[in-house]
Amino acid sequence: MTQLDPRVAMHLSDAAVSVELETPDMTLNIGPQHPSTHGVLRLVARVDGERVEAVEPVIGYMHRGYEKLAEVRTYAQTIALVNRIDWVSGFANEIPFVIAVEKLMDVEAPERAQYIRMILTEMARISSHLIFMSSYPLELGAATPLMHAFRERERILELIEGVTGGRFHPNFNRVGGVKPAAGGGSATKKLIQDLPAGFLQQARDAMDKVLTVCDDLDDLVTGNEVFQARTIGVGVVPRDKALEYGLSGPNLRASGVGFDLRKAEHILPYDGIDFEIPTGENGDCFDRYIVRLAEIRQAARIIQQAVDRIPSGPLQAKVPRVLKVPPGQAYVRAENPKGEMGYYIVSEGGRVPYRVKIRSASFSNLSILPWILENQLIPDLVAIMGSLDFVLGDVDR
Amino acid sequence: MNFWLLLVIKVVVILGVVLPAALVVIYIELKVPARMQSRIGPYFAGGKYGWAQPLADGLKFLQKEDLVPDAADSSVYKLAPYVVLMGTVGTFVIIPFGPDLVARDLDLGIFYLLAISSLSTLGVLMAGWSSGNKYSLIGGLRAAAQLIAYELPLVLAVVGVAIQAQTLSLNGIVDAQASWEWFGSSPEWLNIVPPYLILQIVGFVIFATASLAELSRIPFDMPIAESELTMGYLTEYSGLRFTMFFLGEYAGMVSLAAVASTLFLGGYWLPWVGDDVLNVLGPGVLLTKVLLLSFIFIWLRWTFPRLREDQLQTMAWKWLIPASLANILATGLLKVVF
Amino acid sequence: MTDSPSEADREDTAADPHAAFAERVASLVGADAWAAEHETVRVVVRRESWVDALRTARDEAGLEFFSWLSALDWSRDVAVGEPAADAEALEERFEVIARLSSVADASAAHFVATVPKDDPWIDSLVPVFAGAGWHEREAAEMFGIDFRGHPNLTKLYLPDSFEGHPLRKSYPLLSREVKPWPGMVDVEDMPSTDNVEADQA
Amino acid sequence: MANARPNTFPFRGLAKGLKVTLKTLFKRPVTVHYPLEKEVPVPRARGVIALDTEACTVCMLCARECPDWCIYIEGHKEMMPPAKEGGRARARATLDRFDIDYALCMYCGICVEVCPFDALFWSPDHEYSEYGIDGMLHDMDRLTDWLATVPEPPPLEA
């Protein structure tokens, strides 16, 4: 704590009085079922009145053992598994896994498939960030931004579903390309599959709506004095702490690190797209919020450019029907909405991977909790936890 | 008339006004925010527009098991919701619905009002303490701190009105507003805009803000603070007792809105019409003003986030209380000068 | 699996920036071996110099972002899944892998230390990267590796009473033991599976 | 980037927010009344799997590739009369049982994709909730019934 807020200092002095009076601390169990723990996170907090002295997060209530499950599943089956890790951006989870396998097999998806991957990844990003835009104000007590954000998110999900067949779990990527669902009547599987007609125009329209709702959110949330009072200067993560704990994605960028894997890694055709990397200055809750809001706008910009440029051509490179991946090791990471998502795949030449290490963003983002929640007030605990934007499936895997 | 008979009639009439009014406010709370969020809101109950949803909710709660936690102090726990409801319903004793439609026109009306409305604070604290739940305890303590802090500006805001009207009786205050004369000699129908809304605008804003805090509504709903304390002092309540709290919350909103309407918006009074007509129209006029204020409360609630406990205290002690003191000073000076 | 760079790798160094980076990091931290296949840089260090190597990498190679830490079980005894390619010749061991990366550019490296199975310990990285705490707890419960000097090496995901180390290759997967595979029923031969997918025209 | 730091004059932010909610109050709601009014799912939506028993050859590919092991197939071979006069008698596999346990299914679509004979189809129909978990096991007849709900494939982007 470099700068001590006078109000916090006031509370600290109160606490000193309490210690003299020997009032015992109270252990407060926050979760595993609690409105602001986004599922099944449990925090064992030692509180002194409203002040949280120490927090011990307890995770694992949703541990599904994906790393072990992946060892008994073929690569195609694992794709259906990995989009369940961070379920609010299911599509984006598939990308690094599929590309890691492609690298091991030395194949590359056709350009049209790569563009579709990029468009849908950005849609997943918008949908994930819109969830944040809805749940974060809700945690601070404002219920209306939720429905406004969900309204537009629904359009995005419908577009994703229209292409892939799944709203949350697309299972759309294949090694060497993408595979639109064989939707509808007989003999369709023999037809060439592609984007459904009108998708590109609907995507354009949806982006206009998304940009409009961003303006609404600016009015409803960003400029709101109460919201600013609750978030500015709260939960400051300095740059070095962010790096040490492995914070990534918007959380890292809010601390002033302008690092984005979309620009650093060249796994999707972002090179030809013009977009900015929004960064924060102070690393507080407000910055984490505002970076995500700006990222929605940038993602909309990316999609607007991508739908204009998408080339025609096949969606699938030639790949054996039964995938046997040559022995080797590869780690591929991508900029997930939550941060760096990566898969470290060790293949021994079989139909199933020998080991898959899943690097999920929320796990590292959440590991900073004991440090950042020390000596905060209970309402700030909620504000800080919400601002980290984690999904328990992404934490527990 | 027999005293007891009269008493029974008055109690029945007050309950007959307050509880339906609370149900109407609950319905507004369901339907208006739904539309603010692009939703439809309740639709089925009652056949059309879901008008019976509050009743249906109440019926549902009645069927639920009334749980008392093992760790609870059961007698206090069971009593608490009724204390809350009593505090809010008691307010209506002195609210005038028409020139003669008042249960009891006390000379010390405002004094009684502020005293009885603090009773619900006690109920909340009882609920928070007796539940035997840490969240409830924190919620109860927050409620106590918050209600103490906001009782002061509430009282001080009313003092301005009392000085202006030179009476503590609510009927007297309405009369004073009705007969207010701008520039010494204007006819009373000029008072289309309630005069105290203009003269005591500072007092009104402070009163409304403090009312929101008294009611524990967003942006001041820390005692409940769903995302922090699950449901605060309400966490352990279920069934009928929860219904009492629920009803108490909205009855409280109706009662504070009625007080605010009486003090600042002229209560039952309408320009141009005489007392006989007002005795008939008065309740409707008052109810309209109450619903208008309730709408504003609801509108605020569904737009704003919640403050933090220390920010709320800062706001009360550093802004609202000095402002209301300044308001009293200014009102007094004006009263002396003119 | 061999980690020592072959002659061919050395010749590629100039052409492949990843190999060049791997070589630079390896010499900085005093690594035994390095590799850079599939753009994944792998630097093998001795477990005795584990913490020092990572500290050096952070301070001198610009790899200040702690990405993850995990382990890999090279085992001849595989309960579920497919065994390693050359299972008989396999040397039984754990590999502890930590990934550091830079936030200035895309450079990153996996640091690998071999931990023998009969004496599975390694020094904790927590003094260097506080974020390693959770990753080490996960690796400890999943593989049974002792991270010496870790402030709180309790179970992270699993219940406290859990026995065994699930990510070890010898650990069976219960859900696959209790239920027979529905695909066992055989009626007709599967159609030929080696034809090439060519759905796209 | 421009951070929207505190507003230029007090309560402007609050007023803007109130404006947004008031504006929305007078707009049409976007939700529909579910049981009375239904949104049509997209044709590709993965709602339920329909089975065409005529096309199925009991090759077991779907049951083998299913990651959740939720497809149960049994069948036997029947000798059919030769197609042509004087030809050899053909062996034809006949389904005895084809169950999908939707309580286990994770709707990945691998079975539909691997089916080499176009016997499995996705239908967007999703209204088959049950009171008990045993009701989630759809047998051959029920899976065949879903065939009627399989829509025409959507037109494609040029």
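Which chain is which? They are A, B, C and D, in the order written, and residues in each are numbered from 1.
Going forward, a residue touches a chain if its C-beta (ideal position, glycine included) is under 8 Å from a C-beta of that chain, and two chains touch if they have at least 3 such contacts.
Predicted, not measured: the structure shown is a model, and the values here were computed from it.
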Chains touching both chain A and chain C, listed by label: D
Reference chain A; chain at largest CA-centroid distance: B
Chain centre separation in whole Å, for chain D relative to chain A (CA means): 26
Gap in Å, rounded to a whole number, between the CA centres of chain C and chain B: 64
Whole-Å gap between the CA centroids of chain B and chain D: 52
Cα-centroid distance, chain A relative to chain B, in whole angstrom: 43
Contacts with two or more other chains, residues of chain A listed in rising order: 144, 148, 151, 179, 189, 192-193, 220-221, 224, 226-227
Multi-chain contact residues (two or more partners), chain D: 14, 17, 20-21, 24, 30
Chain-level touch network, classified as line, ring, star, complete or other: other
Interchain contacts, given as pairs of chains that touch: A-B, A-C, A-D, B-D, C-D
In the complex with chain B, residue positions of chain D that touch it: 14, 17-18, 20-22, 24-33
Interfacial residue positions of chain D with respect to chain C in the complex: 57-61, 63-64, 66, 69-77, 93, 116
Contact set on chain A toward chain C in their complex: 59-60, 63, 65, 67-69, 71-72, 103-104, 177, 179, 189, 192-193, 240-241, 243-246, 248, 252, 257, 259, 261, 264-265, 314-316, 318-322, 327-331, 333, 340, 342, 344, 346, 348-352, 354-355, 357, 359, 363-364, 367-368, 371, 396
Contacting residues of chain C [partner chain D, same complex]: 179, 181-183, 185-188, 190-191
In the complex with chain A, residue positions of chain B that touch it: 33, 36-39, 134-135, 138, 141-142, 218-219, 221-222, 225-230, 302-311, 314
